[in-house]
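Each of the two complexes below includes chain A, the first together with chain B, the second together with chain C.
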Partner chain A sequence: MTDAVRAALQRLTRVKGVRGAMVVDAEAGVPVASELETGVQETALAALAGSLFRRTQDASTASGFGRVRSLQLESAGGHLFVAGAGALLVVALADPAAQLGLVRMEAGRAAGELNA
Partner chain B sequence: MRKEDLNRVAAALRDPMRSFVRESRVRTALLVNRSGQVLAHHGFGRGFDVTNVAALAAASHASAHALAELTGAGQWMHLHHAGKEHQLFLAPFRTRGEQLVLVAIFDKESTLGLVQLFFDRLTEAVAEIPELGSDLPDSDVAGFESDLEAGIERLLSEDDTR
Partner chain C sequence: MTASDLQRWSRDVAEDPGSPSFVPLARAYRRQGRRDAALSVVLRGLERNPEHVDAHALLALLHVDAGDRERAGDEWEMILRLDPRNFDARRGLGFLALERGDLANASTHLNAAAESRSGDPTVTQALEVLARRKKGGQGGAAPAAVAVAPLASPAPTPAVPAADDGRRDPTRLFDPLGREAPFLGALLLDGRGLVLAGSMTPAASGDGEALGALLSPAVDEAMRTVQLLGMGGWEGVMLECEGAALHLAPAGDGVLVLAARTGAPAGWVVRAASRARDLARGFLEETG
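Our next item is the complex of A and B:
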C-alpha cells in the first residue's frame, strides 16, 4: 500500500461512524487497498461497488448530467459511498448515524487526491 | 467424458451457466474439461470459433499447470488477459468428478472483479450437481475422438436453436 493510499484510508476511517473504507481499481473492479471490519467481503464489495458506480455513470451520461463524482446508497443497516475521479474509486461504509456530509467530503477528497 | 453422459451433464450445467453469464455480464462463457470437450456454452458465440477457443483453453490450462509446477507455484487460480476490446478469463476448478476450466470472454460491460465474484458462485453451484459425481467414467482411447466430437455436435445443435 502506498503512503498516499494509506493516508487517504486512515483519514476516511477516522471519521465518526465510518466502519471501513477501500480503494478499488475502477476498470477491473478489484481491491487495491482496504481497511474494513472483519466479515466484510472485500472482493465482492469491490466488484459490486465498482459495477454500481459504472452503471450510475452510464445513467448519468445518458441523462445528460455528465460525469459522476460520487454516489451514496442508503439502506437500513448503513450507507455506502463511492467516489471516483479516474482510475481509482474510494468506497466507504458508514453507520446510519454517521456524519454523512463529512464522509462524503472525505471520500471525494481522497478520490481527488488519489487520481491527481 | 463419454458421449452418453454428456447430454445429462450439459442439461445440469445449463442453469448455473445462464446465471453466471447474466450476473457477471460476460459476453460468452464455456465450460470445458481438460480434454477440450465443451460441456456447456452460454452467451454470444458469434465472432469466434467456440471449438477452437475450447481447444486452446484446454491447451493453455495444461501449459499454465505445467508452468505452475515447474516454478513451484502450485495450482494456478486464474489467467486473465486484457485486450483492447475484450478480456479473457480462464479459471480451473475441481468438481467431484473431474477438473473443469471456465473460459469467459467479456468487454466493457463487465469487470475482472465481477467475473471473479460470480465465478466463485458458479463453482459452488456446479459442486452441487450430482451429474458431475465422481463415478463418471472417462473416455477410453477408442471412444475419445467420438466423445470429443459429441461435445462439438451438441454445441453446434444448440447454436442452431439459439
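Our next item is the complex of A and C:
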C-alpha cells in the first residue's frame, strides 16, 4: 500500500460513523487496499461497489448526464459511498448516523488525489 | 393492494407469464388506467392458462373499456363454456343483449345472473328496464342506464395539477418543486422503466426518460448490494454526474428519478427527493 493510499483511507476511517474504507480497481472491482472493521466482507464490498458504480456510470453517460463523479447509496442500515474519476474508486461504508458531509468530502478528495 | 404486492406480482410474472399472479397484476394495471399493460399481461397469461375464467372476465372488461362490445361478448361466451353459471359473464351478455334490443336473450342471461347472485343492483336495475320494455312492447336499443359502460371502472383521477383545459396532467405532478432553483425535473417510472408521471425541464442536459430505462440494471444492482451487505432495504441512490445531480428512490414497483443542477447541495437533493416521493405516493394511491 502506498503512503498516499494509506493516508487517504486513514482520513476516511477517522470520520465518525465510518465502518471502513477501501480503494477498488474500477474496472475489475477488486480491492487494492482497505481499512475495514471486522465483519465487513472486503471482496464482496469491492465487487458490489465496483459493479454498482459501473452500471450507474453507463446509464448516466448513455442518457447524456455525463460521467458519475460520486455515488451515495442510502439504506436503512447505513450508507455506501463510492467516488471515482479514473482507474481507482474510493469506497466508504458508514453507519446511518455518520457525519455524511465529512464522508462525502473526504471520499471525493481521496478519489481526486488517487487519480491525479 | 400494496406496493409490495405489485412488486411481487410483477416479479412473479416476469419470471413466469403464466404465474397465478398475472390476474391480480393485470387488474392492478387496469385500475391504474394502464390498459395496454393490463392487456399484454392478461393475453400472455391466457396463452399459458387458456381456461382461466377470471382472466377471460378481466379481458372482457378490458374490451369494454376500449368500447369493443363484440370482443367482450366473445370472452363472456367463452366463460360460459367453462362455467355456465358465471355471474360476470351472464350479466355482461345480458347487458349486451339489452343494448341490442334482444329482449329474449337479455332475459335469459339477466335472470341467470340474478339466480347466481341475488341483489346485485346493476342486474336488478337491468331487469326492471327489461320488464318495462317488455310491457311497452319496445324492441329498440336499451336506455343508457343499462349500457355496458357501468361494468367498466371509472377513469383514474391522478393527484396532479390540472392542465389549462381543466384536465389533469401527470407530466406536471412535480411542478410544486419547480419553484426552487436547483430543480431540473423528476420522473416517476414503472417497474419496466416507462414514465408514469413527471417531466424534465429544458435546462436538464440529459434525457431523463432514457436514464430511467437505462437505470433498471443499476437499480437491481443497488437492491442486490444492500441485501448482500446486510444494509436493510434500499432507500435511494444519489449520483453526482457531470451534467446534473440525480437522486433515485423506490416508488411503488418502480423508481422515482429527480434531477438537480450540478453542485446542488446534497442535503437539498435528499429533501427534494423526499418531497417528490410524497407527491409520487399520492399519485400512486389515487391512480392505483
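Rule of thumb we're sticking to: the second predicted complex is superposed on the first by the 116 of 116 C-alpha atoms of A that agree within 3 Å, B and C clash if a C-alpha of one lies under 4 Å from a C-alpha of the other, contacts with A are read in each partner's own complex, and residues count from 1 in each chain.
Everything that follows uses one rule, which is that a contact is a pair of C-beta atoms (placed from the backbone, for glycine too) under 8 Å apart; a residue touches a chain by one contact, two chains touch by 3 or more.
Source: prediction; values computed, not measured.
**Student:** Clash or fit: chain B and chain C on chain A?
**Tutor:** Pair status: fit.
**Student:** A:Gly101 in the overlay: touching chain B, chain C, both, or neither? Say first, second, both or neither.
**Tutor:** The answer is second: A:Gly101 touches chain C but not chain B.
**Student:** Let me test your reading of the model: by the given contact rule, A:Thr2 touches which partner, first (chain B), second (chain C), both or neither?
**Tutor:** After superposition on chain A, A:Thr2 lies in contact with neither partner.
**Student:** In the superposed arrangement, does chain B or chain C reach more residues of chain A?
**Tutor:** C
**Student:** Could you tell me if A:Gly29 is touching chain B, chain C, both of them or neither one (first, second, both, neither)?
**Tutor:** A:Gly29: touches chain B, not chain C.
**Student:** After the superposition on A, what does A:Leu48 contact: first (chain B), second (chain C), both or neither?
**Tutor:** A:Leu48 contacts both chain B and chain C.
**Student:** One more residue to check, A:Leu71. First (chain B), second (chain C), both or neither?
**Tutor:** Touch status of A:Leu71: second partner only.
**Student:** Looking at A:Gln10 after the superposition, I want to know if it touches chain B, chain C, both of them or none. Which is it: first, second, both, neither?
**Tutor:** The answer is neither, since A:Gln10 touches no partner chain.
**Student:** Rounding to a multiple of 10°, what is the angle at chain A's Cα centre between the Cα centres of chain B and chain C in the superposition?
**Tutor:** After fitting both complexes on chain A, the angle is 80 degrees.
**Student:** Compute the least Cα distance separating chain B from chain C in the superposition and give it as a whole number of Å.
**Tutor:** 10
**Student:** Do any residues of chain A touch both chain B and chain C, and if so, which are they?
**Tutor:** 44, 48, 51
**Student:** List the residues on chain B that touch chain A in their complex, please.
**Tutor:** The touching residues are 110-114, 116-117.
**Student:** Name, in rising order, each residue of chain A that touches chain B in their complex.
**Tutor:** Touch residues, chain A against chain B: 24-25, 27-30, 43-44, 46-48, 50-51, 54.
**Student:** Any idea which chain A residues touch chain C in the complex?
**Tutor:** Of all residues in chain A, those touching chain C are 41, 44-45, 48-49, 51-52, 55-56, 58-60, 62-78, 80, 93, 100-101, 104.
**Student:** Applying the document's contact rule, which stretches of chain C touch chain A when the two form their complex?
**Tutor:** Going through chain C, the ones touching chain A are 205-208, 210-211, 214-215, 217-218, 221-222, 224-226, 228-244, 246, 259, 266, 270.
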